[in-house]
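Think of it as A, B, C, D and E in the order they're written, each chain with its own count starting at 1.
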Amino acid sequence: MSQLIWNGLFVGSFYALVALGYSMVYGIMKLLNFAHGDIYMLGAFTGFAILGAVGGISPGMALPALLGVLVVTMGVTGLSGVLLERVAYRPLRNAPRLSLLITAVGASFTLEYGMRAAAGADPQVYPLRLGGTSAEILGARITLQQIALIIVAVALMVGLNLLVTRTREGRAMRAIALDPRTSALMGINVNAVISRTFFLGSALAGAAGVMAGAYYGKIDFLMGFLIGLKAFTSAVIGGIGNIPGTMLGGLLLGLLESFGTFWLGGEWRDVFAFGVLILFLSVRPTGLLGERVTERV
Amino acid sequence: MSLLSVEDLRLSFGGLLAIDGLSFTVGEAEIVSVIGPNGAGKTSAFNCVTGFYRPTAGRILLSGREITGMRPSGIAGLGVSRTFQNLRLFGEMSVLDNVRAGAHLWLRQNFVDALLHTPRYRRTERECTEQAHHWLDFVGLRGDRFGEARALPYGEQRRVEIARALARRPALLLLDEPAAGLNHGEKAEMLALIRRIRELGIATVLIEHDMGLVMEVSERVVVLNFGREIADGRPEDVRRDPAVIEAYLGRDDEDDEDDTDDTDDTDDTDDTDGKGGADGKGGADDGDGGGDGDA
Amino acid sequence: MTAPGATRAPALGRAASRLLDSRWAGLAGLVLALLAPFVIATPYALSVMTSAAIFVMLASGLNMVVGFCGLLDLGYVAFFAVGAYTSGVLSTRLGLPLLATVPVVIVVTVIAGVVIGAPTLRLRSDYLAIVTLGFGEIIRITANNLDVTGGPSGIYGIPSLATSPVVFYYLTVVIVSVAVIGASRLGRSRLGRAWRFVREDEDAAEAMGVHTYKIKLAAYIAGAVWGGLAGVLFAGQLSAISPGSFTFLQSALVLMAVVLGGMGSTPGVVVGAIVISLLPEVLRDFAGYRFFAFGVLLIIVMLVRPQGLWPHRSREASS
Amino acid sequence: QGLLGGDSQAGDGKGPIVLGMLIPQSGSEAAIGPYMKNAADLAVEEINGKGGVLGRKLELKVADDACDAQTAVAGANKLVTEGVQVSVGGYCSGATLPTLPIFGKANIPMIIPAANSQELVDQHLKHVFLINGTGSQQATAAMAWITKRGAKSVALVHDNTSYSKDIAVRTQKLLDEPGGPEAAILEAVTPKESDYSANINNILAKKPDFVYWTGYFQEGGLIIRQLRQSGYKGAIMVGDGSVSEKLASIAGDAGEGVFATMTQTPDTLQGAEGWVASYTKKFGSAPGPYTNQAYDGVRLAAEAIKNAGATDGAKVIAALEGIDGFQMFSGPLKFTPDHTLSAGGFQILVVKSGKFALQDALK
Amino acid sequence: MATLEVEALDVHYGGVHALRGMSLTVGEGEIVALLGNNGAGKTTTLSAVSGLVRPTAGKIVFDGADVTRARPEAIVRAGLVHVPEGRRVFSTLTVHENLQIGGYLVRDQAEIRKRVDRVYSLLPRLAERRTQQGGTLSGGEQQMLAIGRALVSGPRLLLLDEPSMGLAPLVVASVMELVREVNAEGVSVLLVEQNAKAALKIAHRGYVIESGACVLGGSARDLRGDSRVVEAYLGGL
């Protein structure tokens, strides 16, 4: 039982990590950024390329090396996100919201198959592995990396939440989400704030990509698709644009999958997870922590 | 039996009592104004009557039938129509389509008619369009009625909203600040419009901050403050009610210098002595003709 | 009274826009579709054109839900699957001809529309999106796991509606045309206007007596029936169906057809659907780069025409 | 060619003989396509190098099926339109099934190198030949090795695709017969994910001493790694879809000692070392899943055309039915009345220092 | 020197020619009223000045700098703040956050706090509703919030689009008083108002616009006396 919970939490924190960026971008532009998962993929491959270029790394240096790679990768994916927004999303700011969906899917295809052209369709094996020293805690087998990963995810969540709810930048993000035109009248540089949001969100996705590569060991050009969907799901369950909600949403999805697998078997897992989600949303239509918007008439 | 009767209505948002025991009635073809300071609960009362808010307590009866807690479309189905304080037009649809929305409830047409374009379909569509034009003429829309509603200037949008509400063929019409954003001449037209609506036998409840209009057109005035009713009576009585002056209108000596023109129009004896009413009426009567000249 | 604001389109422009307006353009499109096999009738061309026609039907069904009513549905393929599987199972297990399964398909898809729509249509669009996505996945996985549906390898040996691909193509074109016209007529009727009211402003629609919930459900059901019938055609065309045809990606592609063409515009979604279904075929020779090129083209097209290829015009012809 | 224009299909005695190959080049299975295409290219090149068939060169036309039925149907029609004379493709069963009638109507024989679901066989179509071992043959081989190893409790893990589930379910049936080892659990995983800990949790709860993974190498490598990380000590075996060096490199150290059920491979076949070398030299990577089947498919097509003395569909089909003793990786070929391999020629391989080596020929 | 100079401005919305050679000036420390019928182009003029819509011709000079093509945020930075038509408060932000957003460009937190407190004291109703979501305020309360929000940004030129709309008579008076006070502190004001009497009472000068161009301009006193203005906007004879 505790193993189930732990597994769910761990997988969930991965979802949450990707979902945080997704949620921020979604929150500010109401854009289903289908390419977000592919930024995650891009992150994994960037890390892979850097490690390959650097050459062998002694096992003792694995963690510091990983941190270095992480930082560089975050920069790269962050900039890619900014570029993506600049090229594919910004020109459509005043178009119907769903028009962005097309360019997002287009960007997703472009990234995926661009990577396929660059790195091949075959999966790549990460040159750096986080070995598994595990310990038994409360009857669950837990590895150090898992704990580290969860700590990172939670820390990012807390930091982001502070940023969004407490700072001027965060207020600007929320204002833009509500009404970009009026935000500009407040002196907010809408484009710059959106760019920064994309940078942050994409950097997070890139970090998650590297961590996934190092933890699981295998990356391929389609690795972002499924996790992108799950991140979207997590972000929505949590309450769109709500950072702690997104985190909880990711964890909840992880737990649902874990328990669904246990109770109904792997083949019915997603039916269970989505079934519960649908029931949940029909009772609580704005997600876990989503604000109930009372719109005046 | 009165058309609308609101009995001891209460509405709270968390700790805030937006409406606190409001009761009033509206008779057939009567024009009743609801006035009060900002945040007094006027719009909230409309929202309760039209089903957008569920009252915390109290009853709302329409022709003796209880409608408390029904969904808005159900209440609309019983003949209640409204406009919104913050315009709620279907912005990306044509002006004509906006007014056609009013026809939704009486248009007898089903999906088979629509798929096969039966004679009934053609007839009802034609009728619907004719009606839409009719009501746009009725409210005196000047702007382009085939283009998007959101492209109209603010004041014109107000007229479209009223036309839409009228196309519903209501027994009771609720207007939330119809004269906001209109200049003097346009207000006169609005006044005339409200009178013409009454002539159709439609009862009207009006929220307005423009005292000139309110005093001119209402048969009865209900005054709210902090969700409570502080006066209910004929306009001239309400105007003199000290509680109303205190809470809402302001004292004469204050307003003769600084206060709104409209209060002045009807209040200030030295300025437009006795003409406030006549002037309003005059503007109203030749409103259609004069309106064009203004534009 | 005529007003200064009333704009009058120049006669020429109006004539042009009339010509472009659905009826003539639609007729021209239909003629084009009917003549195409006389120009090119290779099995390949026919199969691609048939698929495109079926895709048009899907898109016009989804257009009622997304374009007209503004409900973001990311799991539209669920109805496609329900239709395909219902007719597939009935025709192979009970030996019914495909045509005979149509009434059952309609009933089943209506039920599916209600089942999926009823609990979820109260949700706001983003939440609705995830719930519909979930339903799409649930249907696919269920088909993958059950025995009646043939598990992961699906059902094979479904009888076709016609003996030759050419006849099947013509049959498809006729059915799809009827469906497209039907959708467009619904869109211009009282019901269709109500859909647009709901899309634009639910509160205002309620105030005008539009029971928004029922109206949305109606859009859902209509979309479901269209999708289901497209599923029947699909089963007839392929003769074998499997869960792999009903993935989320397929839903996304149909949605893209709607948006790319121009939401709420009938000629738009027809064009959009044709583009989305033909483009990958046109790019087929790029093999591995196919989807790369597809992605780039999608972005470019959208940047050039942000409102869609053939957007809906809200201006009415003054009559 | 339009309805008015009449057909002018190529197919006469001149020009190259065209072989068609439908494989996934995009979509979720895109990784497989290149392996099969490379192998086919290699075979075509070799045969052309020796003068071709019937004095004509071979030409390979490849179409993407994206592992999706509709794309596959369009692709198949495209191949038919381009005048393909024999089809040597077919990887995903779901995408291959709807193409059968298309090739059938055009009277084009199909040599299917990879797809092997029972539904392909059940229709008893005259033009369809499967040269991959069937699920039941593989299951039998797996069962033999499980028994030989003395395992008691077996966990069967598949990825819910028809190919993988078929092997797992058939193995389960064999295990369910009284006596011998038991099937502990039939577990399905979702392909294309990274974390299988929930599934592994289910598996370990049943305390098996043998795990048989019947899916592909991408997930296989991860599952092996995560099984070992979770403390599983028993034996692990994978199906032929997982036989790729990538499996071992994804699994890392955990991959050592993993068994596999596999038809004969160049590595295990005497005299085939040179083939691996030339493949690796030409394409810069080692052969992967279904490389040898795709290679054999082309060779078989050439052989049948040669025997038939013509490219006419009916004659080639007859020639294929008549083939006896043609040497393939999987052994000498003779089709059963079902048009499948008589014996799968399955062997047991084992991972040794990152490579698959023969463990037991199961003779 | 004039704070704002608008010269021969043209604005098109698609096919609609909304401004046709609009010109006006706002002098340093002036309150200038802009009167006109519905659709005359008042809102469009303000939107063009604040950078929300792009003029097709003409020139806008603010404080000697050409801002015709500047982006809205740059214009705000220069000290020109626009209270838009229809209030446009941020609906799910609280009243307090809405006010803070007004001070987005102000780096000094203490200064923002000071200005917000000042708004609270000028418009006490807002203080009562500090934590309420902007979107749930009553119409008049939202109008107060929109005005208060602009004040927090500390403008040098304030564009007000129908600030009295939806306000109770007493509040109209106090808002007009507030505008006068702000003006007394050196802020120039361009005021669009349908309540012409109230506007002309506090304005120094005014313009009447029709069909996208000024047809009349002059001191408030002159306008109050002009028969055309009286007839159309003031309602006297």
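Here are a few things to note about the model shown:
Everything below uses one rule, namely that a contact is a pair of C-beta atoms (placed from the backbone, for glycine too) under 8 Å apart; a residue touches a chain by one contact, two chains touch by 3 or more.
Since the structure is predicted, the reported quantities are computational estimates derived from the model, not experimental observations.
Number of steps on the shortest path from chain A to chain D, with steps defined by chain touch: 1.
Of all chains, D has its CA centroid at the greatest distance from the CA centroid of chain E.
In this structure, the chain pairs A-E and B-C differ in their number of contacting C-beta pairs, and the larger number is found at B-C. Computed from the mean C-alpha positions, the centre of chain A lies at a distance of 43 Å from the centre of chain E. Once the centre of each chain is set as its mean CA position, chain B and chain C turn out to be 42 Å apart.
Per-chain Cα centroids separate chain D from chain E by 74 Å. Between chain B and chain E, the centres computed from C-alpha atoms are 27 Å apart. Counting partners per residue, chain E has 16, 39, 136-137 as the residues that reach two or more other chains.
Annotation for chain B: residues touching 2 or more other chains are 43, 52, 84, 86, 88, 142-143, 152, 156, 295. Residue positions 4-5, 7, 144-145, 203, 207, 288, 290-291 of chain C each touch two or more of the other chains.
Interface residues of chain A, counted against chain D in their complex, comprise 3-4, 7-8, 10-11, 14, 113, 116, 120-123, 125, 129, 132, 134, 141, 143, 212, 216-218, 220-223, 225-227, 257-258, 261-262, 265-267, 269-270. On the side of chain A, the complex with chain C involves touching residues 26, 30, 32, 34, 87-88, 91-92, 94-96, 98-99, 101-103, 105-114, 116-117, 121, 229, 232-233, 236-237, 240, 267-268, 270-271, 274-275, 277-279, 281-282, 285-287, 295, 297.
Residue ranges on chain D touching chain A, taken from their complex, read 25-26, 28, 30-31, 33-34, 160, 187-190, 192-195, 197-199, 201-202, 218, 221-222, 225, 229-231, 246, 249-250, 252, 285, 288. Within the complex formed with chain C, the residues of chain D that make contact are 1-5, 25-26, 30, 62-64, 67-71, 73-75, 77-78, 80-82, 92-95, 97-98, 100-102, 106, 117, 119, 123, 160-162, 165-166.
By the touch criterion given at the top, residues 50-52, 71-74, 76-77, 81-82, 84, 88-94, 96-97, 100-105, 107, 109, 111, 113-115, 117, 121, 124-125, 128-129, 137, 140-148, 152, 156, 164-165, 168, 288, 292, 295 of chain B touch chain C in their complex.
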